[in-house]
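First chain written, first letter: the chains are A, B, C and D, and each begins at residue 1.
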Amino acid sequence: MSDPAQPDLSVRVGSLALHNPLFAASGCYGYGLEYADVADRDELGGFVTKSLSLEPWKGNAPPRLAEVSPGLLNSIGLANMGVESFAREVAPQVTGGRAKLIVSVACNVMEEYEQVIVRLEEVPGIDGYELNISCPNVEEGGMAFSRNPAVTEELVARVRKRTRRWISAKLTPNVASIVEGAQAAEAGGADALSLINTIVGMAVDWKTRRPRLATITGGYSGPPIKPVALAKVWEGYNAVNIPIVGIGGIANWKDVVEFLIAGASAVQIGTALYADPALPGKIAADLRRFMEVEGVASLSELTGSLDTGHGVTVGVPA
Amino acid sequence: MKHLEDAVVTRNRQIRPGIWSMWLRAPAVCAESRPGQFVHVRVGRDFHPLLRRPLSIGRVHEDELELVWRIVGRGTELMAEATEGDAVNLLGPLGRPFTIDTDAEGRILIAGGLGLPPLVYLLESFRERWKKASLLLGVRGRDDIPLAEDDPLLREVEVVAERGDGYRRGIVTDPAAEWLTRREHDGGLENVALYACGPWGLVRALQGLIPANRLRRAEVSLEQQMGCASGVCQGCAVEVEDGDTPYRLVCTDGPVFPLHAVHAPALV
Amino acid sequence: MSDPAQPDLSVRVGSLALHNPLFAASGCYGYGLEYADVADRDELGGFVTKSLSLEPWKGNAPPRLAEVSPGLLNSIGLANMGVESFAREVAPQVTGGRAKLIVSVACNVMEEYEQVIVRLEEVPGIDGYELNISCPNVEEGGMAFSRNPAVTEELVARVRKRTRRWISAKLTPNVASIVEGAQAAEAGGADALSLINTIVGMAVDWKTRRPRLATITGGYSGPPIKPVALAKVWEGYNAVNIPIVGIGGIANWKDVVEFLIAGASAVQIGTALYADPALPGKIAADLRRFMEVEGVASLSELTGSLDTGHGVTVGVPA
Amino acid sequence: MKHLEDAVVTRNRQIRPGIWSMWLRAPAVCAESRPGQFVHVRVGRDFHPLLRRPLSIGRVHEDELELVWRIVGRGTELMAEATEGDAVNLLGPLGRPFTIDTDAEGRILIAGGLGLPPLVYLLESFRERWKKASLLLGVRGRDDIPLAEDDPLLREVEVVAERGDGYRRGIVTDPAAEWLTRREHDGGLENVALYACGPWGLVRALQGLIPANRLRRAEVSLEQQMGCASGVCQGCAVEVEDGDTPYRLVCTDGPVFPLHAVHAPALV
């Protein structure tokens, strides 16, 4: 509950108003119920569900996780319950709180994105969608969608026709430049961009000579990817006019402030939730302290406030 | 219901070379814990290491629980550095426990190495109600027994050691096979419940030893790399043939599964 | 000095024979003289010089380094003495040892690569060239070269015509797929590929709201990039027939073994040298122990030995 | 010639809140060290933190040297945890020292905060040969003096504190200006050598205070983020107007530069 005497953490991400800038990231908070015993969902500004597909997906062969100190590789393969179970059984339990409910959608083919959205439009209380077009762990679709700007634009545009709800396009960092994809999503009608999904990585067991993930490569997440994510947020911020949700390696309030300064309007916390499901509440408290101490009236004034001073973009070698 | 609890270390000592036993005061976790469940332990500070470490709940005495582990990497090493009074954050109790089968007439518990702690917990909970349950433990040698030399419980465990070391020499499936044969003659296997925990080698050997459906119940506790330990990340899948999908989650569907339904992963 | 009773660490990278698989990476060992007081150059199989351009380059504005625990961001901007000073003053002092001398070359335009090579061809004792077409810290050329397969091929082919010496093309990981660039370099006549250069990253000072590098973004290196580098080496190994030199986050012997298993024929140690210039000698000793304990007769048998077993490539979601 | 030396801690103590002094036995480094030089210190184990930390060489007594630092982050924190007998790996001595100008007739040393250690080293080396050298130190308050309260050297330093705290209240450029004015009257400035080390604010103030070329010599020691500290990475560039390129490396061209040639970086 926000104390009126305390700093107000609220931010807007386009049409989406959040009581604080902290989302739980897709795949790191289940469907919103799993951590209910140990953490108050309403301490989050919002949460993004595990990506849902039209039918349930079983995911990839195990092992699906490898810790690579101090980060994580995963090859889950979008194992999920499918839109129908979510819409019927889960959604009624997770709507209506202070935390906005953003449903992530991931499919193999464009038509299915539309079908899933059509089904979700029947469910009241959903605050928006995140189109996961950036999963590195599936053979068809996934990351390939967001690597192709034309496909990105068409996909977003098709979904846009099906809903008035908030839409964010979640893009992959595994590209030469995020600019084309970001502009394509904007052109397609996205309300926001979610940057970034995981980075392709790999781990090997030197003793057995086997890959540590059954799929050999997987998606890299956690604190080590923060510098890469910050660069993509900054790149995206300078390329589009829609707001950006920053994601990648966030584990404390300073990380949050850095993402905002680099151009994010809100952020998502992913892997760090596994270590501490109650982290968002702690970060929110820390952010209030930060605002007080530093005299920040509104978090949104931080967004894109990077002081490049005499800083130059990459210099021409003399 | 699971808790996030700052447990307090009341004792932490090395009980065998590289094997540690820690007792923690954790009233919330202890109040709801059942044998076969585990806790997800926050080790280290900040996010080094990043993930928690899953450890079986060993004995539970009132509001204290025991964890027993072997040092294998940074996480288990850090846990050995904790001393009395330190706080250790636990997420738990987690997972589905062993089935306490009130109608079974024979109970055999089979542990391989560090698979012992949850079976010790199970044994103690059986003892409250029934006299008879046999606990077999297979180890390489004396140094691998996850019980201190001065632990009174050691007398209740039938140890089989590959190197002998003063114990019966052999592998744990030897006395297990004998027990089952004996049992088949006097009373039959239909009312027997078997509980196991140990490496994949043991799981496979037990699957070979005991034909499916001959026992009243055969359960095994599995391990898998874990992220959330709460059914969130879908990371701890194992192949288990007992549902409509080929995979089950160790953290929420398990760690205890029907012995005959589990498949060893390709990379093990 | 290699003891004949001890395991032999020698490997071949195409035509290049090394007494051990450890190179010092470009930019992390200067021109071969700077660490001479504290580490024996001949403990290296080879070393790659700081990238040289036709004229001396002054590099980017400071600050040029930001530690992002436990990795490093740099925006050096290829500050270097230029080919002439190297050829005249430095080369005579660093040739002729057991450590192979590989000269790295980086220019803004293709013609200059040729000019630099032509000059270096006059210098005896150089064992090969590494074409740095992947620097993220310069405005022209740099990373842009290796993001364009056609340019990569032409550049390598042009240099190929100028020299019979060993050539490796150093590629950027900041692309959607390394395959096209790798195949282009192979088609152009490269003897090997060097994978990877740094990953684009950024760091922000939350207090001052300033970027921690004057150039805002820079190149990310050190242990956190190892999983990304391993994935690129594996990707490259499966795409070309020329050998691969693995680079990225290597800090101990296990890292080296993992890179070999993933497809590298040799490796380069970069950022870790700043922490310990004497590291290569220690790793070489550890590798000997490893070979003895594990019964490995030759390190080259490790190359690409990844046991994918029943491991599948990314699975099709059911 | 620089060395990689496993130095042994002979003493490590907190001398002011958050300020530490460590003495290390490091015969190889000490044998060749000169005032103004620094060592690159390996802190932590493995590669956490990844980089070494540069610290000025403070006093050198026989085969021992002193490092004095303020805890500002993980690296300096870890150094505070070292105790007597621990090994600390040093790379050094590094960089160009202050110029020991045998012909100068007046010597003024001006330190800001943690800029003191190299000037103390310089003062001691002057003392061996000449009586007179003035060392001025500017700090916020008593707690920021990088010398222990019981250190006899404290009596030889003219402390100026912003908060007073029993010392002259003000900033260090006040007594510096007075000293220079006095000197100008009796003897002139042409034979004076000035040595400074401190934050950019001090450097700028001194540049304003003393017109270029009025002194015989004015040198300042700079800091910059460092990677290799050996001229390898080109990471520690600063803008210095005394060569053909706009940048000079703090680790090899410096850390000591002509006062009037240095430019504060844009991001400071």
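Throughout what follows, a residue touches a chain if its C-beta (ideal position, glycine included) is under 8 Å from a C-beta of that chain, and two chains touch if they have at least 3 such contacts.
Everything numeric in this text was worked out from a predicted model, so none of it was measured.
Considering the contact criterion stated above, the chains in touch with chain A and with chain D alike are C.
Distance from chain C peaks, on a Cα-centroid basis, for B. Measuring from the averaged C-alpha position of chain A to that of chain B gives a distance of 36 Å. In whole angstrom, the spacing between the mean C-alpha positions of chain A and chain C is 33.
Taking each chain's centre as the mean of its C-alpha atoms, chain B lies 59 Å from chain D. With each centre defined as the average position of its C-alpha atoms, the distance from chain B to chain C rounds to 47 Å. Along chain D, residues 48, 266-267 each make contact with two or more other chains. In chain A, the positions touching at least two other chains are 58-59, 61, 70-71, 208, 210-211, 214, 309-311.
Chain contact summary for the complex, chain C toward chain A: residues 53, 57-61, 68, 70-71, 73, 75, 77-78, 108, 136-140, 147, 174-176, 199-204, 206-211, 214-217, 220, 224-228, 230-231, 234-235, 254, 257-258, 261-262, 294, 302, 305-318. Only residues 1-4, 42, 46-52, 74, 91, 224-239, 245-247, 265-267 of chain D touch chain C when the two sit together in their complex. Interface of chain A with chain B (complex): residues 27-30, 34-35, 37-39, 50, 56, 58-59, 61-67, 69-72, 74, 76, 79-80, 208, 210-211, 214, 222-223, 251, 271-278.
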